[in-house]
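Let me begin by handing over the structure; questions about it come next.
Letters A, B, C and D name the chains as they come in the text, with residue numbers starting at 1 for each one.
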Amino acid sequence: MIDKTVASCREAVASVCDGATIMMAGFGGTGVPGQLAEALREQGAANLTVIHNGGGDDDNGLGGLMLDGRVRKLIASFPNSPRAWAFRDRYLKGEIELELVPQGSLVERIRAGGVGLGGIYTPTGVGTPLAAGKEIREIDGRQYLFEKPLRADFAFIRAHQGDRLGNLRYRFVMRNFNMIMATAAKTVIAEVDQIVPVGTLSPEEIHTPGIYVDRLVQVERLSGKAKRPPEGSA
Amino acid sequence: MMKLTREGIAYRVACELTEGCYVNLGVGIPCLVPAFLPAGREIFIHNENGTLGVGPPAAPGAEDPDLVSANREFITLVPGASVFDHAASFGMIIGGHLTHVVLGAMEVAANGDLANWHVPGQKVPGVGGAMDLAFGVPNVWIAMTHVNNKGEPKILNACTCPLTAPRCVKRIFSDIAVIDVTPGGLALREVVPGLDPAAVQAQTGAPLSVAQDCREMDVPESFNGVRLIA
Amino acid sequence: MIDKTVASCREAVASVCDGATIMMAGFGGTGVPGQLAEALREQGAANLTVIHNGGGDDDNGLGGLMLDGRVRKLIASFPNSPRAWAFRDRYLKGEIELELVPQGSLVERIRAGGVGLGGIYTPTGVGTPLAAGKEIREIDGRQYLFEKPLRADFAFIRAHQGDRLGNLRYRFVMRNFNMIMATAAKTVIAEVDQIVPVGTLSPEEIHTPGIYVDRLVQVERLSGKAKRPPEGSA
Amino acid sequence: MMKLTREGIAYRVACELTEGCYVNLGVGIPCLVPAFLPAGREIFIHNENGTLGVGPPAAPGAEDPDLVSANREFITLVPGASVFDHAASFGMIIGGHLTHVVLGAMEVAANGDLANWHVPGQKVPGVGGAMDLAFGVPNVWIAMTHVNNKGEPKILNACTCPLTAPRCVKRIFSDIAVIDVTPGGLALREVVPGLDPAAVQAQTGAPLSVAQDCREMDVPESFNGVRLIA
């Protein structure tokens, strides 16, 4: 019997090694695999490359990994949220490399990685500083930037429900980066609110088929509500 | 009235959004727009987080942790709303399916160049979805104060800050005017009551042509943010 | 009040003009907008370019348009089903141009059109006759073919339920090409089993948001079951 | 036994699919594989139509018009199955997420080249999803008769028909042998009872090396399709 469930976040992240590239899903504080990130903090792997929309929140999860100096490089679109102060401090000391990518390009690059494409041409960025060093190609009268796919050794994702086969369902905006990152990493690890018996999730409400998921762990939702942050965060 | 409040700018934008529009709203003044959309006018607000049909903020006690905007506010969804993942959300943006995006700006150039993502000297850069919106959405509207907090024009012959996207802005709603970006340059369409076109030009860093049908802006007095401008 | 519903297929397709490019969804006989295609047959537009996985079935819908000589060009992956005899006859007489595209490339090209990309690199086809005349590029040690996006003037799609805002829900494998084609055409026309009041479809079960749909029409499901076809069809 | 029936080939393939495999099955002999998967072994069948977890054909009277395979047969779904659109379905294929695809073939070359989509002289070409599967899936397995209906070898030094994909085939299950495609060429792994490696070589158009652990195929007598081969 296939059983991809594991008992703890600690067990789930045990195989992450130094130098790994890790996608971390979540957006606007929702669908963030924060407990896997905390477990990774305890686990100790360092010299990581992280792919995430932002730069982490405060001193926990990805923020904590930043604080602990475990991240070598960040690939992100919005690492300048006020709450990403741990990243900011490391970055300003020159201790973390940043690859800044428009959010839509980040999305399409991850998706391209997941679906096996060698690259894509996106209009976003042509004529701006973010096009520096990138190939520009005119196609049918419009200019596009060549962007390469992103893939990772691990993806940390978060869903609402999952079954032992790895099938996942999200609630509302939890889908965000979770659905695409689940397709683009060698090993995909999910934290979920609830592990349910196979068959509980109908075929039509499974958002991430189990084929993409290697391990999943049930975690308690941490309490605490989203706060209204300073303007400009996203 | 010599100057609109932030709410006044948002009101003026809201007047222009007709039924059936699909609109993304940037942070700042654009976020104030929904409050001024008349009840019953069916307009769908898109949010990068993967929602189309964002409604009013969630009532206290009715917050859902999985219904949060890109700006981390608890939201609701209107009837007919849909949710989807980030690939679908940005596909909608870059694919040109939204009708409008309303953004703030640091600078707008006479040719429609937009700079709103990076202040030179800003230590940590961040772009989020700003570029995708500016490149992808057919109608990029700007809602901003006409001058910056040093009193300097934000509408210029050429942007000095790094561009978000070239030649993308179609219309500017400021606290003193409505200006269209046309192939022939900037066209002044409306002026706030109490000012004349010359006064708007004086606060603008690029030449304005006065549109043939240029008129006084029709905005309730309650949005009066009058003050002396240096 | 927004109301995208129309009373008849005839009304739904009235604006299709000669020379139009039309995407027609459906796969394996499911999710096929056959009644819109029949209405188009009556409507009369000719010299059409059709994008569809196959070549049409028998003498109805797309097959009927083939039979009537209304299609100038077909872009398809599997036009050689035994039931696509109307296409075959025209094709062998040299009356229809065929652009043969691997099914996955067809999908990605349509999706690229829908999401605004200028093109993609896919591995499929390198070293085969279908790479003829196409740019090949080596990216990170693997060879890829450059494929351009596909867009159309119209997309004919079929869903299970829809509301006056154009939101659509599919049943099971109806999703097939419908979801992507709905994003890649200037005018998207849907036939649905049932038009339901706004709010009936929950935000989480809408597969095609109304933003993509211009017109929808409720039609009776035609009876008749899928037949087991000769081996080799797909 | 000198030759397996079509069912015998499918049985032999089924023996090799272990729990946790995600498999797409081409038309013909591959479609017979599921019938021989032991109950309880969790294997997920993918279909291009957007299903993962295809179960047995629908029982008469229980057909659902919206649950139809790429081959237009009424299907069922197993517990834990999921449905999705064509972008997701082919993303799964091209992205290399399936573990296996079992395809028929007209020709396979010693280097793993596969030809199964176009017979030269065929008047209307069609490719369907064959190329995407052959390029995308890590383990391309072939289930076919060893020779064509003229008795000519289908395993060749080089394909003569247009390729589906170069160097993609990993293993061949024929009615007389199991052959691995290795960097060193074709390796004979199993021979059907009643034949010896030399007899397999005689029906093969490319050199076979006999694997060190080459053994007699373990297949029930009921799959005996013995006949004289010219």
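In this text, a contact is a pair of C-beta atoms (placed from the backbone, for glycine too) under 8 Å apart; a residue touches a chain by one contact, two chains touch by 3 or more.
Since the model is a prediction, treat every value here as computed from it, not as a measurement.
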Next item on the list: Name the chain pair with more contacting C-beta pairs, choosing from B-C and C-D.
Entry: C-D
Next item on the list: Could you grab the centroid distance between chain B and chain C? Build each centroid from C-alpha atoms only and quote it in angstrom.
Entry: 36
Item checked: Length of the line joining the C-alpha centres of chain A and chain B, rounded to whole Å -> 30
Next item on the list: Compute the distance, rounded to whole Å, between the mean C-alpha positions of chain B and chain D.
Entry: 57
Next item on the list: Can you tell me which residues of chain B touch two or more of the remaining chains?
Entry: 51, 83-84, 87, 90, 94, 136
Check: For chain A, which residues are shared contacts with two or more other chains?
Finding: 108, 111, 115-117, 122-123, 171-172, 203-204
Note to self: Please classify the inter-chain touch graph. Allowed labels: line, ring, star, complete, other.
What the structure shows: other
Notebook entry, point to check: What are all the chain pairs that meet the touch criterion?
Noted result: A-B, A-C, A-D, B-C, C-D
Notebook entry, point to check: Which part of chain C faces chain B closely enough to touch in the complex?
Noted result: 1-2, 111, 113-117, 163, 165, 167, 183, 198-199, 203-204, 206, 209-212
Next item on the list: Write out the stretch or stretches of chain A touching chain B in their complex.
Entry: 27-31, 55, 76-81, 84, 87-88, 91-92, 98, 100-105, 107-108, 111, 122-130, 160, 170-180, 207, 221, 225-229, 231-234
Margin query: Give the list of chain D residues in touch with chain A in this complex.
Written below: 19-20, 22, 40, 42, 44, 51-53, 77, 79-84, 87, 90-92, 94-98, 136
Check: Can you list the residues on chain B that touch chain A in the complex?
Finding: 27-28, 48-51, 63-74, 83-87, 89-90, 93-94, 118, 122-132, 135-136, 162-166
Next item on the list: Name, in rising order, each residue of chain C that touches chain A in their complex.
Entry: 108, 112, 115-123, 137, 139-140, 142, 144, 148, 171-172, 203-205
